[in-house]
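Below is one structure, written out as structure tokens; the observations come after it.
A, B, C and D label the chains in the order they appear, each numbered from 1.
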């Protein structure tokens, strides 16, 4: 009964909403114009990166906070558990991963650098590095995580801390995250490099922390 | 022609999403979800959003899929040794 | 004051983000003093900001928006709609002030509450920092998508605080809460997506004239989705199912933070949309919201009167007290209605934080979370019982408390417009609150049954008792100083 | 009809499916899948509707990138809670809530 009602409501909702979309005139404001017009001062030439790290960089700052918070939340929820001891995979597989890792690092660096003028950037680069770390763990070449020690915690927080510090340091320019146009490119690259490292650690950490409760008492 | 491809992609998205929720076996549901994520990446490419496509493939399908498969694996192992 | 680096509204976001990151880096169980120092500075900043807004603002960077903004800040220097604007008017300044005033005593309380080694306290400080940062960022944001990110920051931090170090019950409550809050922010996000699709902007100030000029059917759906999602996050009846287990099951300082502040954030946002971009649309739903609010008052009070556990009772009382907030919607044309709403947010925020803190003391002392177990506590914990009584006074709406001021203004606004039914609901809610508050107090004044207190009442740190007392007393004293708060609300509007 | 509008409509259906799934499905891992479908639906609407004239708009694209990261953060937390619940109770469904 409940099932039918919920499905019927969802179907009606989708139809009404879909119907309302069909004859929608174009919006009054077109942000593509100011995005393109200010690209020269944004420090990057790829519009999505300009939005992500300059025009709406404040969203991204808070988003990194959400990601760091998620890692912290997992630590708080799972509590003290022992790290899973990885089973060593077949030697051929291990060799493959050993070979793939430097390749993935090169790809990550390329993605980070490319983000300034074409698709790519810190998130994609961080995700590739995280994937490398997870692979190393899965074939038994690196251990899982316990509660992170000081050095690791600093690495996890570094990207966010650098971003926050740059945001605050630019306040005397008149506003939070107001890059001076001539330094914008360099500052964005600095933030993105720190973010790549931390994002890789956090994304890998989400996996490595979750996979450890296997051995929990 | 391209619209026909988009239509096919949209149908595939809806179908894989629907099957993800309704398929009786959990492991199949997760695999279908990962397939859904890859189709999403394709949809982003069709929407001229390669940045999202990359992120969706790496994070949406890749990391989320890995987390789900790992959780599924743990459940199986816990069930195997009660 | 003209130094561009000294901008209280910006530092109210940067500071908690900074100290929570520091607390995380310091490691498990550390960071209490960082947090207390940070929160004390934030309270001062919020006060400075309120003074500035009350004085009419300095119109820094950017023109006054139709939102009646007193102090604004254009992040990145771009300005809306390309960039993100922050804006503080009387309403936001009041919410910021409340957030810091509740958080500081609770931090002092939590420092004593979580003894070293308590698994629930291991990552409490950074989690609390992100929660407060999210709240502050939400209250100052003038950009609907940015608000979505802040909502998620608040929601995930709140869920983690409920589950941290808990058993199966807490984890289950946290999961229920997580799905509710995620569906709520999902609906909000879809609404934002529709608004962006329709108008091409998510800036509140830019949207206002556009929506008033022309609102196609899609915008009505967007408004409905956003408000429905936020109602779910505010736990308005009948969406309250997730609140009692989460607020009732969490450690006392967490319950206090969640009940006093977190549910108010989504209510604030409904109010913000109502007074702002969705002005033309939402009045159509005013009576629906008020009816749900009335239902929440009766249902929540009824459940509180019959609750077995003490913290459950207080959590159901939150469901009821949130109902009052929704009574104001049909009355908003009268200036007293908004004031009543904000006074109720303050009254309930301070009183409920005090009440949960007092309950935490009683639970620590008696070793059990039941109303029945309170017998005889009055002799051992007079300060705490007094705090509980003061907080109860505010919830009942007795003079001279701030709760009285809130209810009085609701009734005034209701009678001025001939909506006597709302006045009746407000009065009845006060009587029902009296029933559950006196149920607790009566039990505490009973003699302890022979043998039941064999272990005696455990000693409780003074800091716990007095920080609970400070919060509860503030909720009463605010009733005497309500005029200043009301003046602030008029500012910038 | 344009491709943008088509994907926006697909997004609406996915969102409705996802919400219905979260409401109806008791199994926690499946509920997490449903939540992800809901999120993907909202993202498709955000970009698709804004690009209903098939001209790329970088602003909603950047918003969706933010949204995807937030969604994975929420998913990871949900999985952590679900695994913890399973370790504590042996079940992957939420127990009835009771005040005792």
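Miscellaneous remarks
Throughout what follows, contacts are C-beta pairs under 8 Å (C-beta built on N, C-alpha and C of every residue); 3 or more make two chains touch, one makes a residue touch a chain.
All values derive from a computational prediction rather than experimental measurement.
Across C-D and A-B, the chain pair carrying more C-beta contacts is C-D.
One simple way to say how far apart two chains are is to compare their mean CA positions; for chain B and chain C this gives 38 Å. If you average the Cα atoms of chain C and of chain D, the two centres end up 26 Å apart.
Taking each chain's centre as the average of its CA atoms, chain A and chain B sit 19 Å apart. Centre-to-centre separation of chain B and chain D, using mean CA positions: 12 Å. Residue positions of chain A touching 2 or more other chains, listed in rising order: 17, 21, 24, 27, 31, 35, 48, 55-56, 59, 63, 66, 69-70, 73, 77, 123, 203, 206, 210, 213. For chain D, the set of residues that touch two or more other chains comprises 8-9, 13, 15, 17-19, 23, 43, 49-50, 52, 56, 59, 61, 63, 65-66, 69-70, 72-74, 76-77, 79, 81-84, 87.
For chain C, residues touching at least two other chains, in rising order: 145, 149, 152, 156, 159-160, 163, 171, 174, 194, 196-198, 200.
Two chains count as a pair here when they touch; such pairs are A-B, A-C, A-D, B-D, C-D. For chain D in complex with chain C, the touching residues are 8, 15, 18-19, 22-23, 28, 31, 35, 38-39, 41-43, 45-46, 49-50, 52, 59-60, 63, 66-67, 70, 73-74, 77-78, 81-82, 84-85, 88-89, 94-95, 97, 99-100. Residues 2-3, 6-7, 9-11, 13-14, 17-18, 21-22, 24, 26-27, 31-32, 35, 47-48, 50-52, 55-56, 59-60, 63, 66-67, 69-71, 73-74, 77-78, 123, 203, 206, 209-210, 213, 216 of chain A are the ones touching chain D in the complex. Residues 4-5, 7, 10, 14, 17-18, 21, 24-25, 27-28, 61, 73-78, 81-84, 119, 122-124, 126-127, 130, 133-134, 137, 145-146, 149-150, 152-153, 156-157, 159-161, 163-165, 171, 174, 194, 196-201, 206, 210, 216-218, 221 of chain C are the ones touching chain A in the complex. Taken together, the chain A residues at the contact with chain C in this complex read 16-17, 20-21, 24-25, 27-31, 34-35, 38, 54-59, 62-63, 65-66, 68-70, 72-73, 75-77, 79-80, 147, 150, 153-154, 156-157, 160-161, 164, 167-168, 171-179. On the side of chain B, the complex with chain D involves touching residues 2-3, 6-7, 10, 13-14, 17-18, 20-21, 26, 29-30, 33, 36, 40, 43-44, 46-49, 51-52, 55-56, 59-60, 63-64, 67-68, 71-72, 74-75, 78.
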